[in-house]
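Structures follow.
Each of the two complexes below includes chain A, the first together with chain B, the second together with chain C.
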Partner chain A sequence: MIWDWDYTRDILPDLLRGLVVTVQATLVGSVVALLLGLVFALLRRSSLRAVRIVTGAFVEFIRSTPLLVQLYVLFFVLPTVGITLSGFQAGVIGLGVHYATYTSEVYRAGIEGVPRGQWEAATALNLPASRVWRSVILPQAIPRVLPALGNYVIAMFKETPLLSAITVLEMLAIAKGLGSQTFRYLEPLTLVGLLFLLVSLPASLTVRRLERRFGH
Partner chain B sequence: MSAILDFLPLLLKGAWVTIQITAGAALLGLVCAFAGGLAAVSGSRISRAVAIVYVEFFRGTSALVQLFWLFFALPLIGIRFEPIAAGIVALGLNIGSYGSEVVRGAIKAIPKSQYEATVALNMTPYRRMRSVILPQAVVGMLPPFGNLLIELLKGTSLVSIISIADLTFNAQVLRSAALPTLTVFLVVLAMYFVMAYTLTLGMKLLERRAARSIGLGKLPYQPDAVKLAEPV
Partner chain C sequence: MDTDKADTGKWAETVTVEPPVAREMVRFDKVVKRYGDNVVLRELDFHVAPGERITLIGPSGSGKTTILRLLMTLEKIDEGKIHVDGECLTHTRRGDREITADEKHTRRVRKKIGMIFQQFNLFPNMKVLRNVAEAPVHCLGLSREEAEARAIELLDLVGLGEKVDSYPSQLSGGQQQRVAIARALAMQPKVLCLDEVTSALDPELVAEVLNVLRNVAASTDITMLCVTHEMKFARDVSDRVLMFDKGQIVEQAPPDKLFTQPEHQRTRTFLRALLEEH
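Let's turn to the complex of A and B:
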């Protein structure tokens, strides 16, 4: 059994349609992860001990348990308590929350990297807390962690095939469907691998360039 | 409560499979990590190229795609894996590619003077790695290896998709058996958390021992001589 080029040509458009869903899930998931991660990072610095502890425990728990199980909880378990999500919604929420626990650590490192003098200067100028974060701390903290955040966006891209397990028709689900119709898995699955490489290699090169630009 | 006792044996059986796959893939991953990492810093251009292709290929594609490829695509060209073997091989190769970068980075981080000293002492390349570079580099590798181990443990849940009866798979089985789904999944998440936490504690212990073995750790007691030696 060798590679069938005609079959490859036939299935490529379907797989590219799957790639679009994969990219959409990555983008929406990234927005959730990038925003929620910042929220987690700020909550972990809250002046209330209880808030710090609860956020810390939640982040640790989510980060130590498999994304796949979390997706099952969102998609299969939540309906039993009256919350029904579509596969795509459950997928991007799961991806977003899971990776928010990673990005929150990145933000934390960035925030801690801002020199103490900046905090002191902001206090000396009597800036309100929201202004300190918005105009002094975050503009300095975030650029230097952009490469690390970019790496997690790429990691999320590579995790999207998990969404096939909760009925989202992304690239891998389509490849599997095509394979089960024709019993030829070699072409669709290899193409999926190549398409992943095609996106993730240039993406990691871009991140590496970012690293050089914002490098310490 | 009695419901929990009903489904617990099946979940524990699944957890045991999860542990076995984690252990097998960790072992394979460790071998791949050192092979890939050492090849990446070797003098031979060919082995460096092989290492780059291995690392970029496995880091650039999705673990689940790799698993599917081993399980569904390879049998068509005559290579057949048992499901568990496919799981261990795919996850091991995948985590090994990340591990290669860790090994490469840790070796590169050893000060150049250490290499120069081994050259001055006329050590063979093998002896240099074995007695000077690696013992120091391993200390730097352990913390990132710990993180990778947790990633691997979480990654083993993927094997449930190719019908291996691991913890995640058995949770799904119980879900279709109309048991209290929420409870089942909370127990499953808690089990993963306990396994991850145990691994984290174990790695911390290993890190401390490794650091002490090359004289970097805290001494169990502070000898008086050190205090006396300090300038007054």
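Let's turn to the complex of A and C:
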């Protein structure tokens, strides 16, 4: 099999359109994962036992089942109870919730890394709990876990091809479509790999820079 | 008629000048604190008068730091009650029952208490100015401008007026502790707990912190509870020294008396050990 440059030029625009969808799914999924993960982390520290248990069970359940199964449930099962989501919507919700269970652990580690003396000083100053979180704890906890969060965003980016299973036309779905039309898979799949590399490599370097900046 | 009048006047005077609650700023009633099987405080009773400065001394594990931590509500009390400025800190009333204080009640009474820690515990993510101004904005309801103006005054008072824009990590230990003093004072506490505030400092930085505290003691009427090994400081500022051992008060007396003629053998051995250490 010989590399066909003309074919490469022909399919590149289609694949780049797929890359845009991939990046969009990653960005929206990240927002869901980063926000919901923090919510999970805070709920798991709730003073109400029931809230802690329910959140803990949900997080454990999501983390211990495959993302692909969750995507299928969102896309194929929810319509049977009257909730119809587009592939993209189901995809970003699935990715976001799944990765939120990982980021919640990262936040937890960051929160527990804040020295006890900080909580005590906040108590001694009589700051209300919501203010303690916003002004004292999270501004110290989040910077030091930014690299770990960044790594999960990159991991999520690399898992977006799963969305092809629920009809989202991201890069891999487009490459597969092209391949099945022309019976040439070498160029589209190689390009998909290269395009992933093109995004994730600089992203990894950025995370490494964050690591250096925030220490540990 | 005249006597009646005189009596009413006298009565009114007693009520306004000397309300009964003000006799004791802090009162511990049969306070018990355990860590597992280890009883740190056993039915401890003591009180501190308004404006009084007391120093708690004793071997480590004698419970003296625990007293400050209970008062600051950093630890939960196991039995007994603590009163501050005539209000119960640890309990509140619901109907005619007395229950453990909830968050709202605790915050209301705790407003009267401040604490300075051995490890300073400044907020490293905030500049010095915000470290001092943050709580007054959110707990005393001051505007940001007002709180910052007062913070600058307090920072001037502790000699750090030019450090408002520094981060705590850019300051020496002594400077950090002085910021912590300003931060505690910004909340206008009636009671101040000082928990070994110079123990984490290099020896040459101890004096600057103690001098600031001497000034605070001289220029305010804040009630102070001080755990320290600085006997000279204790002698200078305190009205009363309490010697603790095994969660109970061994003896208490004005510093001149306790340091020169202690009555108990336990106090004598403790003071001797302390002298040898220095």
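The definition used in the following text is that the second predicted complex is superposed on the first by the 216 of 216 C-alpha atoms of A that agree within 3 Å, B and C clash if a C-alpha of one lies under 4 Å from a C-alpha of the other, contacts with A are read in each partner's own complex, and residues count from 1 in each chain.
Convention: a residue touches a chain if its C-beta (ideal position, glycine included) is under 8 Å from a C-beta of that chain, and two chains touch if they have at least 3 such contacts.
It should be emphasised that the depicted structure is a prediction, and the values quoted were computed from it without experimental measurement.
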I'd like to know which partner A:46 touches here: chain B for first, chain C for second, both or neither.
neither
Now for A:200: first (chain B), second (chain C), both, or neither, which partner does it touch?
first
Could you say whether A:125 touches chain B, chain C, both of them, or neither, answering first, second, both or neither?
second
First (chain B), second (chain C), both or neither touched by A:167
neither
Based on the superposed arrangement, let me know which partner A:182 touches: chain B (first), chain C (second), both, or neither?
neither
Check the contacts made with chain A and report whether chain B or chain C touches more of its residues.
B
Per the contact definition in the header, classify A:76: touching chain B only (first), chain C only (second), both, or neither.
first
Contacts for A:86 in the overlay, against chain B (first) and chain C (second): which applies, first, second, both or neither?
neither
Quick one: in the complex, what on chain C touches chain A?
72-74, 103, 107, 110-111, 113-115, 117, 119, 121-126, 134-135, 138-139, 183-184, 187, 193
Chain B residues touching chain A - in the complex, by the definition given at the top
56-57, 59-66, 68-69, 72-73, 76-77, 150, 153-158, 160-161, 168, 171-172, 175, 181-182, 185, 188-189, 192-193, 196-197, 200
Note which residues of chain A are touching chain B in the complex, please.
1-2, 61, 63-70, 72-73, 76-77, 80-81, 158-162, 164-165, 172, 175-176, 179, 184-186, 189-190, 192-193, 196-197, 200-201, 204
Residues on chain A engaged by chain C in the complex (per definition of touch)
115, 117-118, 120-121, 123-129, 131, 135-136, 139-140
